[in-house]
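Here the chain labels run A, B and C in written order, and each chain numbers its own residues starting at 1.
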Amino acid sequence: MSRQKPSLPPALRPADFRPALPGRHWANWALPLALVLALGLFPLLTGKDVHRETMFTLLRAVVMAVSLNIILGYTGYVSFGHVVFFGLGGYVGFYLVAVQGRTLWEALLAGGLAAGLLAWLIGIGILRLRGAYFALVTIGVNEAVKAFIQNFDPFGGPLGLTMNFSVYQAYGGPRTMLQMTYYILVVLAALAVLLSYAVRTSKFGLGLLAIREDEDAAEVMGVVTPMAKTWAFVLSAILPGVVGALFFFRNGSIEPHEAFPLHLSIEAIVMVMLGGQGTVWGPVLGAAGYQAMRAFLLTNRYLKNIQLTVSGALLLLIVLFIPAGLIGWLRRRFPASRRVLL
Amino acid sequence: MSVLLQVEHVTKRFGGLVAVNDVSFELYEGEILGLIGPNGAGKTTLFNCIDGVYTPEEGRILFRKQDITGWKPYDVARFGMARTHQIVRPLADLTVREHVMVGAAFGAQSMGLRQAARVADEVLEFLGLAERADWLAGSLNVAQKKRLELARALASQPQLLLLDEVLAGLNPAEIAEMVATVKAIRNRGITIIMIEHVMHAIMNVSDRILVLDFGQLIAEGTPKEIAANPKVIEAYLGDPKLAERLMQGGE
Amino acid sequence: MALEWTSILSFLIDGLMLGFVFGVAAMGLTLIWGVMDVINLAHGPLIALAMFGVYLLMAALGLGNPYPALLVITLLALPVGMGIYYVAVHRVINAPHLSSLLATYSVNMMLMGVMNAVFGGAPRNIDFSLGSVTLFGDIVIPVARLVAALAAVLIAGALYFFLYRTRLGRYIRAVTDNRDAAELVGVPSTTILALSFGLGVLLAAFAGGLIATIFPFTIFDGGRYELKSFVIGVLGGLGNPIGSLFGGLVLGVIEGLVPMFLETSWTPVIEFALFVLILLVRPTGLFGGKS
């Protein structure tokens, strides 16, 4: 009965005994953060506006993918409605600036709050559904909100709202505004990465992983699943809401089809899958890789017209042959990397 | 000895099927209670009623003098009850330590990750899984998975542990080890109810045994009494040699 | 608003006729869901592809009406669907839902890319007329819609007959109930899964062709009908193909009656709110789904 040797009571452990915590390693947040900052500051080096605008699209994708990963990758709930938070945040923020004459800062705050609030309200209800039913209902929520806003007069109904360009004077004129909003996005993308790392390596995150792997077992182990899932949903919603407010402020106009395109949700899923769901690195690399590939295809003379087909074929190959994504594949292929590759 | 768990007239139906029918029993602190019965007798359903996975249609369940009928499984878990599952589905992408940390962090003693990691390492050592702490749970063999399941439950530092067939699929040597482990757990002051089909083991380890058949409690008593009980023998296919086999060991 | 009974009736009849047609599209979606727990996100582009198929084939053959072309396209859809199954779905049939959702969505992307390159975004219209009939004095019904509704009912009947009266249909139902058990008793489950996927695509194509005889269309319209199919499928019970016909009727009634009380633009709000609500309260649908 060698297995029966009594264990050391906690007091007999050396006081400075600090067991390794899963995923806690500086490399797991510092390196993805460095990548995001490098991408974000690259236009500063070239000084070209076109690079800045390309990077704006890329960093927006990073925020969408990284935030989606909290509910999709960590918690295991496939949401096809992630864009609803972007759109709602966009509308609320835009309305405050364009109609109510509030500042951009208030708009960003309100956009994030509105998205978080929506996630909280619907999360309690829809997170009871599992698997494909949840995926379906998120499509329904996105379409219902979009259809509602098309009929909602304060938000301009089907035509949406436009901004008087004089608003930008308060932010140093359109040119400076474009610069400033870009750097706000860089900060938001950096925040997204840090949030993602913090959630993944926290006790809350461990509960989410348990839910992802087996929700019934997680309940029996004491994870308060309805709370955990709802908070994960809220956390994943806030940053897209802020970015929505930022994006449409910059854009100068907003309309329902621009605010709630289903394909933006699906692209975010594709990015998360590409890089590796449930990891910190994955969505960052997935978003960057996907956008880079898109940019390449769109500028290639021969592939431009069938860009979507090539992307689709690539997606299919990944789903069929490396469903864990790049990071997931690396972690499985080289188990020694697990500690520093999250 | 004080009563830890009281099950009073619990009935659970699925449509027309009565899976658990008017079951009552008491469990004393420090006891190991065996729960046996033919396949489909309602043993696992009874576990599910006790730990909150199902809410029984009738009857009530008192745990630590508190009526916990209708509580959610996570509330029951946080109140000091843990269980293992018959079918072990380890969380494929978590390491063994992370698994056990879930039990520790969210169990009866809600604790931070650092402390949970410490508890997890201790429990893994106690169960002989310490060298496997950094393995992916999916890569364990059956016996190790059973131990992992037990470690997860134990790490939550429960007062009551429900074990659902922890011996199934193990070879004789592994069974002997597991039986010793169960006894060692009880010696740490944890009360245990265990469902088991490996008869000689349950007869050996239990203080008292309950027999379920078609959802009904048909017998209760010491292992010796149960082995000689005609109702039990009848329930097990009317095998007249059952009593001998039960006491001697073997399936 | 003048709520004369004839106008109510004419809205209602129109809604019901369209409801049958949309119901067939949803049948395709929900048949696949029922048999293999896969939501076919390529449903919309396949509908659009069938619309263009009927349009082009009719023009190529120089026909005066689209129905022969519709028949050919419908039959072609079966092997196309089976092919999609073998290439994109079979490998992920037992994987988590995300995999099959993305696999079918990748087919969606590929089809949309090709259609965008070949057909472009311009609207098309199948140019033919069967005139109209007048009921009860002043309810005018275009014959093409009547034909479409009848065809929809016919194919629903044919599907019912196939599922409940033929050996292959029984195999499909057996795989729906329990794939492992069906395999144990010798049902060739892979073939049956592929066939079911093919049938689902066939139904989508048939519905798409019928819709093309009624409305003008672009390559992007498939997405709209896919969303409608989701709503109908949930109304009728996901996994219950025959329920979809009734789901289609419910949607038809909503689409027929809402414009009488509210602006038409509220219709999708009501539809999607209902969709979400039913999923939350009664995920098996109004008419009972699988299990």
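The rule is short, and it goes like this: a contact is a pair of C-beta atoms (placed from the backbone, for glycine too) under 8 Å apart; a residue touches a chain by one contact, two chains touch by 3 or more.
Predicted, not measured: the structure shown is a model, and the values here were computed from it.
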Can you give the shortest number of steps from chain B to chain C, where adjacent chains in the path must touch?
2
Could you tell me which chain's Cα centre is nearest to the average position of every protein Cα atom shown?
A
So what's the Cα centroid distance for chain B and chain C, whole Å?
50
Distance in whole angstrom between the CA centres of chain A and chain C is 33
Nearest whole angstrom, what separates the Cα centre of chain A from the Cα centre of chain B?
41
What residues in chain A touch two or more of the other chains?
none
What does chain C use to touch chain A in their complex?
33, 37, 39, 87-88, 91-92, 95, 97-99, 101-103, 105-114, 116-117, 223, 227, 230-231, 234, 238, 263, 265-266, 268-269, 271-273, 275-276, 279-280, 283
Using the touch definition up top, name the residues of chain A that touch chain B in the complex.
1-8, 10, 13, 17-22, 202-203, 206-207, 209-210, 212-214, 216-225, 278, 335
How about chain B: which of its residues touch chain A in the complex?
51, 53, 72-74, 77-78, 82-83, 85, 89, 91-95, 97-98, 101-103, 105-108, 110, 112-114, 116-123, 125-128, 136, 152, 156, 177, 180-181, 184
Within the complex, chain C is touched by chain A residues 72, 78, 80, 125-126, 128-129, 131-133, 135-137, 139-141, 143-144, 147-148, 150-151, 158, 262, 266, 269-270, 273, 277, 305-313, 315-316, 319-320, 323
